[in-house]
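There are two complexes below, and they share subunit A, which is joined by subunit B in the first and by subunit C in the second.
And then the complex of A and B:
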């Protein structure tokens, strides 16, 4: 299947604005992508059809295999422009199927190009089950010795169930534009009121869920600029370093206590600025305007 | 005493959220595929996806549309007729999922899809 991947990757392209198909063709070695369950073989969501809503032929996710710097990899790319990249039954089944195939075929890694608000609410329980199946499949794939690398830099970020899924991956590559959290800003505002969280304050949203904040909190392996070259280079480097921890019980417990200590330390704070100050950053107000290279240097100083 | 039946003080408009399925057949000279099926576009707000597949009928083309915007059959007919007059697309089946794209966007996407199908665009 040919897809609209005409333009070669360039620093001038925005990963944030690209489609799922453009992103994966930029990430992989040129011409190496082979799609599994292409739009002609896949089928649109029956749940959406029952609700009289037009579906997408690929149900909003592209899966397949290819090469990254000559290493064989599997790839999953979510389409944020189709219903917020939401995970429906078929969308989820494609992801789970690819992860199970990875356990059998043993590629060097699975690249997961996340761009999703989480469960597709139109599909209710089927969507929720899909998310939990993806979570299980990610852990099984990692246990089988195959790293799953999440790349977060799309317009929908990684929220809801997909926020959890992203955190279960071996490593996360994120851009400043990327966002990662559980409940989305509008959900929090709806449930707890605008006094709790003003979802229209875009700068606040990014200071709390954005890529720079996540990276400063040591949740992500790399912070990259918003272009396809940066994402590809970061993924290539992670695979070359191959320093992924298997998802053992000891590692999970260590992470759990790290998160509990963090919750205790920062629980009364309302803004990323306060958190960065508490982390020991001299000039927190300078963070939003800092470039990736400087911020990476600052983060390395904090955690060594 | 006057008895009145309870009713709302204003009429509640019937909210119709349902997609429309349209199908068109055109006679048109045949086109040679470069690699097989192609897809372009995304089912996003104001956008559409176009899937072009080879079909058995060499001198005609079937276009199947699922759209979230009801009641625009005449405009689809006009846009597609214009497209068919500009391009030879015989021997294809074109399927469209539309999320309220404007006629200009539809025209551009169709042109893009058919150029990909013929191998003019990579």
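And then the complex of A and C:
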């Protein structure tokens, strides 16, 4: 595939470890990014200041316009290294603002680089309301014919309200290291006990919330290696395929049947290994070691 | 307050609502005609089963009764906390439910939610907060987390949180804080057919499909940054 971003390809980078700004600079065509509401034009959260907590001028999210393989796109990139990418009033309003601008300006797509634990507890009510506003803005954007593609592969994954937001997007690209869920394993362990969910068992956490599992369950459109170029190529391919549809009645009914059928089929299972076996995978234990290309082939076989 | 007396107070002209464990669905008669009533009770922990049940009621209403209003009764302690639920992508089922509410709106169904008990985090996000207008009973509890748990998680002194929450609606539990921030339209002292009918009539008259909560939060001075930031981004 052709690329307009040489610096992303010149070195092997980790998407997981990168900052929000590095990720979008590698994702977009080189030099195409124009930030909206840059740190010099905005102020840190006053709510955090009231709690004597240092803020960030961008409040942990970067938004703007750019190009992906010469197509005009809008982009949102959450900074997991600032308060876990959590959504407060300003952070949320920046995302809603960009999505409303997209509805007006009609770019080819919005890329949403999710890296967030969900609501920022220090601004709990503002964060919850903001997430609700993001949910509606995503659906408004899709209804306006603009696909919103979520990319999940950051250190904070996509949890809490941001897990819901991610699943409202037109498509999800996820890496092996990416995690997508609602309650974090630590929360479940704290409330329900270590027997219910041992949050220190990384392999188990991964088999329940990780990218490979979500992809095998058809919750994500593409599985990629932990590499910004792989994310860029997958997003480019999704835009080229352009198989996005606004969520109409037929699509929602189809999804309802899909979700009901799988709840029936996998009821009471508690580990990815059980689910993969029930999916008809010959050697479920081999999944954790499988590379993306082989796993993608396996997934295509399951769903064709 | 138990659900039957809430339903009797809200729908004196009659209701046929089936309560099945923590979930409920049915119809009721109002001055605006028949409405679909659905929701949760007894502090339901929203799991796949409840989310898909509620989503199915919405899809059935869309298909069988075009433009019939939707009334959500909300009583949820939040999402179910279990490994089995997460294994099947609980956030995906909650997103599906939210998308069904949104689809109904686009197809001309107005929606109104009323918090009758608790409304917490993901459970509230998935349907109550997706309605065109959200209301709460004065006796209800709306929150992400109580202040003691918040103090523990954020390592901020509890006394300081209590002190700050007296003036700022940003983080402390309470429907009145959500009202000040624009997410809850009004707080009702008790379940009231008069107030429900008035709210429904107003919704049917205006048919506002757009999300006006940010503006409402700015108007009531409880959330003054968000609307300005959106304006700045649109103007940039």
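The definition used in the following text is that the second predicted complex is superposed on the first by the 293 of 304 C-alpha atoms of A that agree within 3 Å, B and C clash if a C-alpha of one lies under 4 Å from a C-alpha of the other, contacts with A are read in each partner's own complex, and residues count from 1 in each chain.
In the analysis below, a residue touches a chain if its C-beta (ideal position, glycine included) is under 8 Å from a C-beta of that chain, and two chains touch if they have at least 3 such contacts.
Keep in mind that this is a model prediction, so the values were computed, not measured.
Chemist: In the overlaid three-chain picture, which partner chain does A:237 touch, first (subunit B) or second (subunit C), both, or neither?
Modeler: Touch status of A:237: no partner.
Chemist: Just subunit B (first), just subunit C (second), both, or neither: which does A:57 touch?
Modeler: First partner only, subunit B.
Chemist: Quick one: is A:180 in contact with subunit B, with subunit C, with both, or with neither? Answer first, second, both or neither.
Modeler: second
Chemist: Does the superposition put A:291 against subunit B (first), subunit C (second), both, or neither?
Modeler: A:291 sits against neither subunit B nor subunit C.
Chemist: Give the label of whichever partner, subunit B or subunit C, reaches more residues of subunit A.
Modeler: C
Chemist: Per the definitions at the top, what is the overlap between the subunit A residues touching subunit B and those touching subunit C?
Modeler: none
Chemist: For the complex, which residues does subunit B have touching subunit A?
Modeler: So the residues of subunit B touching subunit A come out as 17-19, 34-45, 47, 49, 51, 53, 66-68, 95, 97-99, 112, 116, 121-122.
Chemist: Once bound in the complex, which stretches of subunit A touch subunit C?
Modeler: It is residues 36-37, 41-42, 46-47, 50-51, 63, 89-90, 92-94, 96-98, 100-101, 104, 119, 121-133, 135-137, 139-140, 143, 158, 160-161, 163-168, 180-183, 185, 187-188, 191-192, 196-197, 208-209, 213-214, 217, 219, 247-249, 252-253, 255-256, 259-260, 262-263, 266, 268-272, 275 of subunit A that touch subunit C.
Chemist: Name, in rising order, each residue of subunit C that touches subunit A in their complex.
Modeler: Contact set of subunit C toward subunit A: 48-49, 52, 55-56, 59, 62-63, 79, 81-96, 98-100, 102-103, 106-107, 121-122, 124-126, 129-130, 143-145, 150, 153-154, 156, 160, 164, 168-172, 177-178, 181-183, 211, 213-214, 217, 223, 225-227, 229-234, 236.
Chemist: Would you pull the subunit A residues touching subunit B in the complex into a rising list?
Modeler: Answer in residue numbers: 1-6, 19-21, 38-40, 44, 52-58, 79, 81-83.
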